[in-house]
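By letter and in written order, the chains are A, B and C; residue numbering begins at 1 in each of them.
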Amino acid sequence: MPVSTAVHSLAGAVRKQEQGLLNCVHCGFCLPACPTYRRLGDEADSPRGRLYLMQAVVEGRLDPGAEAFQTHIGRCLGCRACEPVCPSGVEYGHLLELARQVGGDARRPPIPARALLRVFGTAWMARPAMFAGRVLRATGLPALLTRILAGRRPPKGARLAVAMLAASAPPPPLPGRAEARPETVTQRRLEDKPTVGVLDGCVQAGLFSRVNQATVRVLRANGYRVVSVPNQGCCGALHAHGGDLDAARSLARRNLEAFEAAGVDIVALNASGCGATMAEYGSLLADDEEMAPRARALASRVRDISQLLAERGPIPGGSVPLKVTYDAPCHLLHAQGVADPPARVLDSIPGLDVVPLPGAAECCGGAGIYGLTNPRLGGWIGSDKVRAVLGTGAAALVTGNPGCMMQIGAGLALTGAGIPVLHLVELLDESYRRGGLYGKAGR
Amino acid sequence: MIDSGVDRVVPVLSVLPEDRVLVGESARDWARGRSNGPGWMPGDPEVPVIVFPASVEEVSALVRVANEKGMRLLPAGLGSWLGGGGWTHARDVIVSCVRLNAVEHYEPADLTLTAGAGLGMTELDGVLRPNGQWLPMDAPGADAGTVGGLVACGVSGAMQGRYGAVRDNVLGIDVVTGAGRMLRIGGRVVKNVAGYDLVRLFTGSRGSLGIITSVSVRLFPRPETDVTLCYAGRAAEMAALAHAMCTSSLPVAAVGLEAGNGDTICTARLLGSAGEVEEARSRLIDNAGQEPRRIVRDDESALLHRERAAWEEGSALVVRLAALPDRLADTFERARVLAGALGGGVAADALRGAVRVKASPDAGRDEDIVRALSRARGEMEEAGGSMTLSQARGKVAARVGWAGGRGSAPALGARIKELFDPASVLASRCP
Amino acid sequence: MVPATLAKSLVEICGRDGVILDEDRLLVYESDALTAYRHRPGAVVLPRSTEQVQGAVRAVAEHGLPIVPRGAGTGLSGGAVALDGAVVIGTARMNRILDIDAPNRRAVLQPGVINAELSAAARVHGLYYAPDPSSQTTCTIGGNVAENSGGPHCLKYGVTSRYVTGLAVVLADGSVVRLGGQGREAAGYDLVGLFVGSEGCFGIATEIEVGLLPVPEGVRTLLGIFDRIDDAGQAVSDIVSAGLLPAALEIIDGPTIRAVEDSVFAAGYPTDAEAALVIEFDGLKAGLDEDVERAAVLCERAGAREVRSARDEEERIALWKGRKKAFGAMGRIAPDLLVQDATVPRTTLPAILRGISEIGERYDLVVANVFHAGDGNLHPNILFDRRDEHELERVERASKEIMQLCVDSGGTITGEHGVGLDKKHHMELIYGPDELAAMWGVRRAFDPGGVMNPGKVLPEGAGGD
């Protein structure tokens, strides 16, 4: 078997984990945390099993092109729910990216997946694609199709794609209205006013620009100085998760330079998938002698929007009388370990009734381009999430990542339940608008 | 043909000295004084033989002789459970282990004790009491028996919910199997998963697989406070109260129901530290919504429950009706109907949903008894429960059957019997 | 690799996605949580129902191949390892709770239900499932039944066999027997009790009935910090002798403390201590303060440097997490780990702990102890690096000496992990040929053809064949 450089770097990483005594002791604590194992019951679809397969490749017992390696590494959602429960501290997410690279070298990923990554990573391709998406969305055709296609079948394939696009549309007006006492609340004036740059992101900028705009407004309302960061781009998350580490690195370098040039104290993220990747730029660029220290420095400044808001309270706005439930994005909860701040933000919104979502910590099945690579399993996981949301009786679902918004939103739309999915900041933004924090002009 | 007992006594005398073999009238006297008084012995034309081995080697020699001569042995302790279905043939030789009664190992701080199977439960309690410990296995009639008998019968009492069943508290046993093998299984540590759990197999096997010569048991600290609340009222009302007490989250050690001629009595026993018991007492009364008729404490409470455990003593016919605990009211009612037919009383262990019925000595003709029992069994099994005989005369037992037809895996049981007692020298019925 | 005819019938029974035949995919089933033993199975079957288990058992047995039942593969004795190309029957897909009967405090489940998830489901009714092995967040009830699992709270509440009240078992011939069941008192031997702890050698339990307990309304947890492990052992003896019955009494020694504190489960134990004693009381709130106070005094008298009380539920959970995840955290201080499991009479604990540490010193090995002190159930973990052959040999010798030491004190070779493959040859330390022959006989009564999990538990030739 020819040993590729990718296998070398996976071997190196496994060795490094061993030397750092972060190796898998095969205890099996990760099994129930893994959405794919829970559904399939095959240990090869568990983190422990996948690590075992990686180890087998490193030991030369298994060809990375083998069906077993391709299938089971490919089936991983990359949700990293296994990391917090691992007593040995195995850095699974990192090993997975290397394993994907090894797998990709041995066998090219399917064309649609490669094409999609290419589009996201290349600005001149991304912009028109997103524009086309917005145009199509604006026609109302996806929404109409979604209504037609609604039914009990699990969301997957073209049905899912159409519904996802529809689900990225702005939510309908929320119940309640603006309050007539704008003078009572004033914007917080603080001595300490850190400079914040917001990652616009690719999908976020393309389909969720309203969330980006809301992010800027709520940050300002909470006393942050938001500056624009020109020349930034896709964070590389989808590429890294897919094992295209070279592409991810070049995207990381570009962002590194852009944010350094902007001179920000904090990099704010409203897409937790991007947040997790940027927070790990240090290890992504670890082998780049010149960039590594700079990457580590930038990574240490990465904060999720919910953290920044929670640190400031956040300041209260107007009432939004709505029953909502919250789903924790994997890359926020598991990869970044951010558990409480979103709850604190929700708690700060007057009138909001937050009910717990059973299985909120489990992946929704969105997982980047998972719907494309593993439609059946993704659909299964997605419909479980949708069922859980419907079971809460909430009128809206709140989360903090565009991928999750589209995945769950599509699933909900296909049930015909008419439950919108909101980004955390959208909801806070609406509360601030109603509370008059932005002045009488509204938005 | 009148049997003189000689054909059984002669081979026995080759292993035991004469003074440890009882035959004829003296054997009848021993049995009469100790057993639960079923009619198996006095009226029997056969001559009983009872032997008292004083060592494991003697037990083993007896089993060997039995295998050679085709004798049948009936393992026993003080004889208090012999009416429990063991006595199938008067010609069997009763092997009483009462001489194997040494306390072999007792380290109070380990909360474990190893003793000869023949140690009386009352004597055992005398050993444990000075150290503030006890073996809280209050099986019906246990006080009158031995620790080996407790294990061999494996019947649990009212405190099972709190302390576990007998099977949960036996750590190890020494046994001479029907094939004459001396086995030492389990140990004297509280957690042990080395090999298959033969200790549990022998616990409750009623001497059908081997003669238990020594047992190691797990002990418990004797609770500081012992309080019993006694309520009285109509049967249905008391059954409902008992069930409510069982499903509350309060740590009730035992909940009993007893019906005789007058009111039905419901008792709730609380064990623990003074503070805990006091708290549970006041909350139980709050939950019940009424003051108990009386409250008894400590020695008086213990006595009440000892009497309750010995409730069936002297009855020739004792029956158990069991179903899931939430069916208690129904089970209790069925038991009362049966008790009416048998002219006796009922006592329930509400936590387990089991009700005992004892017949009065003049319960009537066998045919009527058999009919009443068969009907009760049919009804209980229909309701997903069971009716089993605890004590019965051979004739009644033969017609009704000790247990219903729903024995688990009879083929497996038979293979296991064959394994340990291939020549069937042990006379006990399989449990 | 199994014969094609067998592969075909397995697929017919369990569906294409219920049978794993690919050699590469089978790699991950090579071992359980004791990675010292690795054997690739001939196939893995993942049935969803009792009927599928029956069909699979029949098909495999017809082909004369052995069968190994497997739950979550978290066992620590090599019990779920497939020797001689055995077919693994995994229960991961049989993970439904069939009934929670709250008024009768009982539940009926499939074997693949995860221990902690049963408790979580029962909690809605104010009930829980008492046995709590350290791997409870991942291990299955079926596995618990096979191993008769214990856990920290077994001191007060007893082990798995106390709670298992009924079973449906698929025997080696594919037939189903129903054993026990609450609410009826049937004739026969305690075959439920006999089956629990049979390590997959008697059959596969496909339906399990268990008893549940009410959730105690109050829990208080204490932490005693000791500079000498002997003193902690003494405190345990003193607490038990004083008539206190804690829900749990756990000792974590110095090396383990340092491993835990270094992991993501850091519980705030001082890293320079030589022992931490976790004491937990539960029950009615009213009685707890008194118990806690008495235990604290006894700890201090035994020489505790400090006695802390968990201030809130969060602290309590963190404290337990450190204890429960200690095994995994051990990976942080050495590449390899040999987990031992022996029970000794509680009063011999201080002497045994001294003995173990002497053995460790003699062989120049780090032995980290974390164990259920109240039950006398020790887990000396020997840390090593398997790449060092000389060290490996020392580990084996030290391990054997530790085992002998425990047995000599009146103890036994396994308290809760089971015999499996790992301790098969230790069985002769505690049992003679007659006892082993009796166990072989019982095994044959269930499985005359020797189909179920052969090569485990009983040493060959010891009174058997």
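Simple rule for what comes next: contacts are C-beta pairs under 8 Å (C-beta built on N, C-alpha and C of every residue); 3 or more make two chains touch, one makes a residue touch a chain.
Since we're looking at a predicted model, the values are computed, not measured.
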{"item": "Category of the chain touch graph - line, ring, star, complete, other", "value": "line"}
{"item": "Chain whose Cα centroid lies nearest the overall Cα centroid", "value": "C"}
{"item": "Distance from the mean Cα position of chain C to that of chain B, given in whole angstrom", "value": "32"}
{"item": "Chain centre separation in whole Å, for chain C relative to chain A (CA means)", "value": "38"}
{"item": "Cα-centroid distance, chain A relative to chain B, in whole angstrom", "value": "64"}
{"item": "Per-residue overlap in chain B, given as positions that touch at least 2 other chains", "value": "none"}
{"item": "Shared-contact residues (touching 2 or more other chains) in chain A", "value": "none"}
{"item": "Sequence positions of chain C contacting 2 or more other chains", "value": "none"}
{"item": "Interface residues, chain C side, partner chain A - complex", "value": "17, 20, 22, 24-25, 27-33, 35, 44, 46, 72-74, 90, 92-93, 95, 112, 114, 117, 135, 137-139, 263-265, 325-335, 337"}
{"item": "Footprint of chain C on chain A - complex, ascending", "value": "18, 21-32, 37, 40-44, 46, 48-49, 52-53, 56, 61-62, 66-69, 72, 84-89"}
{"item": "In the complex with chain C, residue positions of chain B that touch it", "value": "107-112, 132-133, 154, 164-165, 167-168, 177, 181-185, 187-198, 200-201, 203-205, 220-222, 224, 247, 249-251, 272-273, 275-280, 320, 322-327, 353-354, 381, 384-386, 388, 402-404, 406-410, 412-413, 415-416, 419-420, 430-431"}
{"item": "Parts of chain C lying in touch with chain B, wherever the complex brings them together", "value": "101, 103-106, 126, 147-148, 150, 154, 158-159, 161-162, 177-191, 193-194, 196-198, 201-202, 214-217, 237, 240-241, 243-245, 283-287, 289-291, 343-347, 372, 375-377, 410-419, 423, 426-427, 430-432, 434-439, 441-446, 457-458"}
